[in-house]
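Next come two complexes, and both contain subunit A; in the first it sits with subunit B, in the second with subunit C.
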Partner chain A sequence: MDPSWPLVIEGWLFALVLVIFVLGLFRRQAGDAVAGWVTLAGLVGLSIAVWNAEPGRVALEGTFVLDELSLFGKRLFMVASVLSVLATQAMTHASFRRRGTEYYVAFLASLLGMLVLASARDLIVLFVAFELMSIPLYFLTGFLKGEKAAPEGAMKFFLVGSISSAVVLYGLSFVYGAAGTTDMSAIPALMATVNPLVLLGLALMLGGLGFKIAAVPFHMWVPDTYEAANTPFVAWISIAPKTAGFLAIFRLYVEGVGEGAVLWVPIVSVLAGVTIVSGNLMAIPQSNIKRLLAYSGVAHIGYLLLGLAAMSVSGVGMVLFYLVAYLFGNMGAFFVVQAVAASEGSDEIEKYQGLARRSPVLALSLLLFLLSLGGIPFMAGFWAKLFIFWAVVEQGMYWLAFLGAVLTVVALYYYLVVARRMYIEASTNPAPIPVPVVLMVAIGGCVAGILLMGVYPEPWARAFMRVAMTLFSTS
Partner chain B sequence: MGLSAYLALAAVIFSIGLFGVMTRRNAVGILLGIELMLNAVNINLVAFSRFHGDVTGMVLTVFAICITVAEVALGLAIVILLFRTRRTAMADHVDWLKG
Partner chain C sequence: MTGWPVLSILAWAPFASALLIMGLGRSRPGFVRWTALLGTSVSMACALWLYANYDLAAAGFQFYEELPLVPSMGISYQLAIDGMSLVMVLLTAIIILAGVFASWTVKTRDQEFYALLLLLVTGVFGVFVSLDLFVFFLFYEIAVLPMYLLIGIWGSSGEVRPQGLFGWAFGRTGVGTKEYAAMKLTLYLLFGSAFILVGMLALYVAAGSTSFSLLALEAVEFDPGLQSWVFLAFYIGFGILAAIFPFHTWSPDGHASAPTAVSMLHAGVLMKLGAYGVVRLGMGLLPEATQQWAWLVGTIACINIVYGALSAMAQKDLKYVIAYSSVSHMGIVMLGAATLTESGLNGAVFQMFAHGIMTGLFFALVGLVYEKAHSRDIFSMGGFATMMPGIAVAFTIGGLSSLGLPATAGFVAEFLTFLGAWSSAHSWWLFPAVIGAFLTSLYVLRVVRAIFWGPKSTDPHFQNLPDAQGTEWVAIVILVGALVLFGVLPGLALTPIDVSTVPLLMRLGVL
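Up next is the complex of A and B:
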């Protein structure tokens, strides 16, 4: 079937969910990696289909669109999911393998929610897709229920997540009340007339979405959740649901709104500034690398909001660039953390002492990921930050760009503290860290990603600008 | 009664729910608060739907009710899991409430 038809990819993914589910019924307690390989094969097949899809078609009376932005989202979700499933295959402990099919059913259900969300042009579809994405995430956070922290992390994530869902839905009810329809193409006209109900609704929704993307002051669940959940899953939730949140924000606040979007600039820029400053400052004292990456991830959300605050074609395009750069850098860093934790049994930064002498390749990959996240030239993250600052300066918001640039130095400091441990300090244990082949492939993919984007940023930036253009041209 | 009366009722219920979520220390109590917040949304939706003479809002309400049930079922499962490992349903360690 032609993947350019809307809902074809989603239909195949749903079929894959059913296959894994049935597999689980017949292979109870099998304890091997078959479910993971089937999932991986299915996802690779779907990725090929998504890459071959052409934008432009609409289904279900305009509530489900397959446009440039939704294709961008779907491709990003596919890459993130393939990398995450690859890394999950390296988790060999019996307590995980025994229930592997449950894990993959929930994982794919959440992915299905994201794919639908990327295409939603109707408030009902948006809400249902958001919940389909979120509910399995709570379950997956607490999946390793034998581990002490897992239920607590799941509980916190669940409470914050469902409160934010309630707030989003409350805001959504006001938007519906003002528009009299759930079609999102009615929103721009209402925003232009400064309808108080719509503004109240959209402001509430922005707060709720702020929880989902973990902007300060709605970020408190992030470090606990990241620390509690298994690492390949954390690598995935550090990017995929955040991207979904940004796609929803683009659809609600940017698409077709045109000049009216300027209304949100003050709120978004304050949110961005606060998020960058507090995310970076809170990352400094962390001694656990997953918590450090969690807080640095919050700071990166701030930079993404900075691009959104520009409310321009280049701003939105560069947010997309940043998301992809962040995907490779952040997921790669988490995969290295996974390899080290599997051998050392801990996520403490002290365990990275002398890593360069023990496993030079692993240490070099982590260094590259950290440098990319920190924004050193000729890494993907450098161009991402530069382009974001550029877009912000274009709009005359010099102080925001200045603030972002200053805090980048703070971020480099805590990334380099980890690098110093790896390269300068001597190790107490000279044995190299074993890295399973699947994990090596995932890490290699991420390294290739940041280097490719770092050396040839232009074609990527051009493609993302084209996507951003479609958002503004409909006005 | 006008639309604003229903909206006010929904706002009051939403606020009570939010207050419960913020102040309750028992996880089940927090779940009840979330449930109240979502039901306030349903009142809002049905009221808007009635006053617009448009059934879409009611359809959304049905979706919202179904999803809430799924969400709360998962929430209770997590509370039971927490209770098994910690022997408590108190959200004492949930320090984000204080932050």
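Up next is the complex of A and C:
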């Protein structure tokens, strides 16, 4: 089957879900590792298919498209999922031994939601895909149900997520009421007429999506969820659903809208500024590294919104660049956290004392990830931030660029605090930290990603700009 | 030797030796040191070759190299030097060569120490030789970041803690510890680089988003409103590195906590990098804004001179005295630049060079004194001249240059700057400058007398201390030699400086 046909990849993924599900019925005792390897093999195969897909085709009367943007999304979801499954294979928790297949079924179901969402050009399809993506996430957050924090984190995530879904749906109903159709291509024309009902609907949807991408003030579920869930999964939800949220935002507010998108600049700018400032400031006092990364992740969402606030080809293109850079940096950091937590039994930053002496490679990897997240030259994150600032300056929004640039210094402070633990302070325990091979591969992949993008950003930036151009040229 | 990418060799030789050290230097201290020496010697040889072959009659940017990096954004690896950067390159080469000798005795984790130090130097060389703003910025970041680890790991915590109200206010921040100093320095400098980055991007976009090249941007006439705020952004961004008041507080803490070679390099070269940035990017690209803001730059420079000198007088810790004297002397550099006169700007650039050598010498000597006497408390030490005559003489020469005694490099620089201040539009700038020079002689002579030439301390810890030995002499001789040489023959540096400052001032329309 040619993957360039829409729904082919989704069909294969659905088949994979069924395979894992059936596998779980038959291998209740040792289902974990086998299910993981089957999932991994399936995802690698699907990744190859996604990479070979050509954009341009449409299915289901225009509600499902396979264009440049959706391919970007699908590829990113695939990379994130492969990395996350690799790291999950290193999990030794009892829940994984007993119920591993359940985990992978839910994981792949959520991924299916993301893949559909990337292609959705219809409000109903978009919403259903969002739910398909989100509901397994609530379950997965509470997967380690023996742990004390898990039910709390899962419950918070579930409540906030459901409310935000309701808000999105409410907004959607306004848009439908005004447009008389659920086809998204009707939105630009309505936006141009400044129809108050549509604007109210879109504003409500932006709020709902704000919950999904965890922009301030809709972010409070993030740290608790991250702390509760197992780390490979956290690494994955720190990027994949957020990317899905941004894809939805691009579809709703940017695609085909052209000049009219300027309408959203003030609200998005404010959201971006508030998110950057509060995310960074709240990260400072954290003593748990997963919470620190959670708040720093909120700040990164702010930078992504900054790129969106530019509402230009380069702005959107650079958001895509940022997403990929963030994927490698953030997932990599979480994988190192996973390795340290497996050995030390805790996510406290104190446990990183003297890591550079104990496990130099692990410490260096984490340092590289943190520097990339902090935006230091020769790492992917540097170009990501630079490109975002460039896009913002291009629109004459100097103050936003200043704000963003100055707050990166705050971010570097808390990243350097971790670096200080690792490099400057001496450790009480000299034993090296064991790292399973699968996890090492995942970490190595992330290091390669940030360095490749950091040393030679040109082809990546070009490719993402091309994707962004399609959003603006369809009008 | 023409056709060789000399500037690239100059900048990347230390980096190559850093890689060698990281790869092969584990528990081989001799290899580490000789490789570091080799790398810095190659840079020194390149610097001397450049100096000898720079065509003074042709002036302008020479030894041009170019390699496109990100063509779609107009970023290219573009190197060239003019007279001003030539002198700065020479300064960097001298300081790092002396710095390698001065840190010969580093014992803990020497492999990483030398590797980071050499990485830092690559950044500094790169800043001075790059013509592309973007590459300039990249090198600038390379020069700033290793500092965190260098100070945090190999630094020393001061003996003086804040007292009274300050003790209460800063008690929990760890003031005076090396970790605090390292973090403060890094954050301040990165804060500055945020300003530089935004300013740079603004110019790039305003010029049509085609090139980051200094030469291309020089040809653009920017809108005065844009110039005005971009100049301020550059002034704050680079000014933080040049320790302008009130953004100077990282510098005493950082320099006092840093290990010897890092203090030498940082106070000697990196602070100049800030002043160089203001002159090259601020004044070079934004002529109208320079005219508009000269009063601010000069006035703040006057505050720096007097305030730095007064603060230096109040210190009991030897390293803090030297560190505050740097704040004061950087004021002279900025003042010279703000005068917008030929002699003033020449004096400023010459002061960068002279002060670099002088501070490098001071920090090297303070490091030696500390290593032998294990104290930085000025008033507990005394009469060291009988035990370490070599160090005492070198320190005294440095001190005399610092207060501007004729026949030392410091004199030429201060004289030119004062001349420039008097003939500038704000002739009252001369008075704070002269008061600063007077205060300098007070604190310098006081320190020199207390530690070296005064009555001998009776403390049993301070008896029978050795003088400088072996490689330590090399560092001292290099620096003292340079200080005297350029004091007696200032033309050696002034001629190349002059050929680059005159076109700059002509662009500003003041010459």
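The working rule: the second predicted complex is superposed on the first by the 473 of 475 C-alpha atoms of A that agree within 3 Å, B and C clash if a C-alpha of one lies under 4 Å from a C-alpha of the other, contacts with A are read in each partner's own complex, and residues count from 1 in each chain.
Methods note: a contact is a pair of C-beta atoms (placed from the backbone, for glycine too) under 8 Å apart; a residue touches a chain by one contact, two chains touch by 3 or more.
All values reported here derive from a predicted model rather than from experimental measurement.
Once the two structures are superposed, subunit B and subunit C can be ranked by residues of subunit A touched, with B on top. Contacts of A:398 after superposition: subunit C is touched, whereas subunit B is not reached.
In the superposition on chain A, A:441 makes contact with neither subunit B nor subunit C.
In the superposition on chain A, contact of A:452 is made with neither subunit B nor subunit C. Looking at the shared chain after the overlay, A:412 reaches subunit C, while subunit B stays out of its contact range. In the superposed pair of complexes, A:174 makes contact with subunit B only, with no contact to subunit C. Partner subunit A is touched in their complex by these residues of subunit C: 70-73, 137-138, 141-142, 145, 148-149, 152-153, 179, 183, 186-187, 190-191, 194-195, 197-198, 201-202, 204-205, 209, 229. Residues of subunit B that touch subunit A in their complex: 7, 10, 14, 17-18, 21, 27, 30, 34, 37-38, 40-41, 44-45, 47-48, 52, 54, 56-57, 59-60, 63-64, 67, 70-71, 74-75, 78-79, 81-82, 84-86, 91, 93-94, 96, 99.
Those residues of subunit A that touch subunit C in the complex are listed here as 376-378, 386, 389-390, 393-394, 398, 401-402, 405-406, 408-409, 412-413, 416, 419-420, 423-424, 457-458, 461-462. The touching residues of subunit A, when paired with subunit B in their complex, are 123-124, 127-128, 131, 135, 138-139, 142, 145, 148, 151-152, 154-156, 158-160, 162-163, 165-167, 169-170, 172-174, 176-177, 180-182, 220-221, 224.
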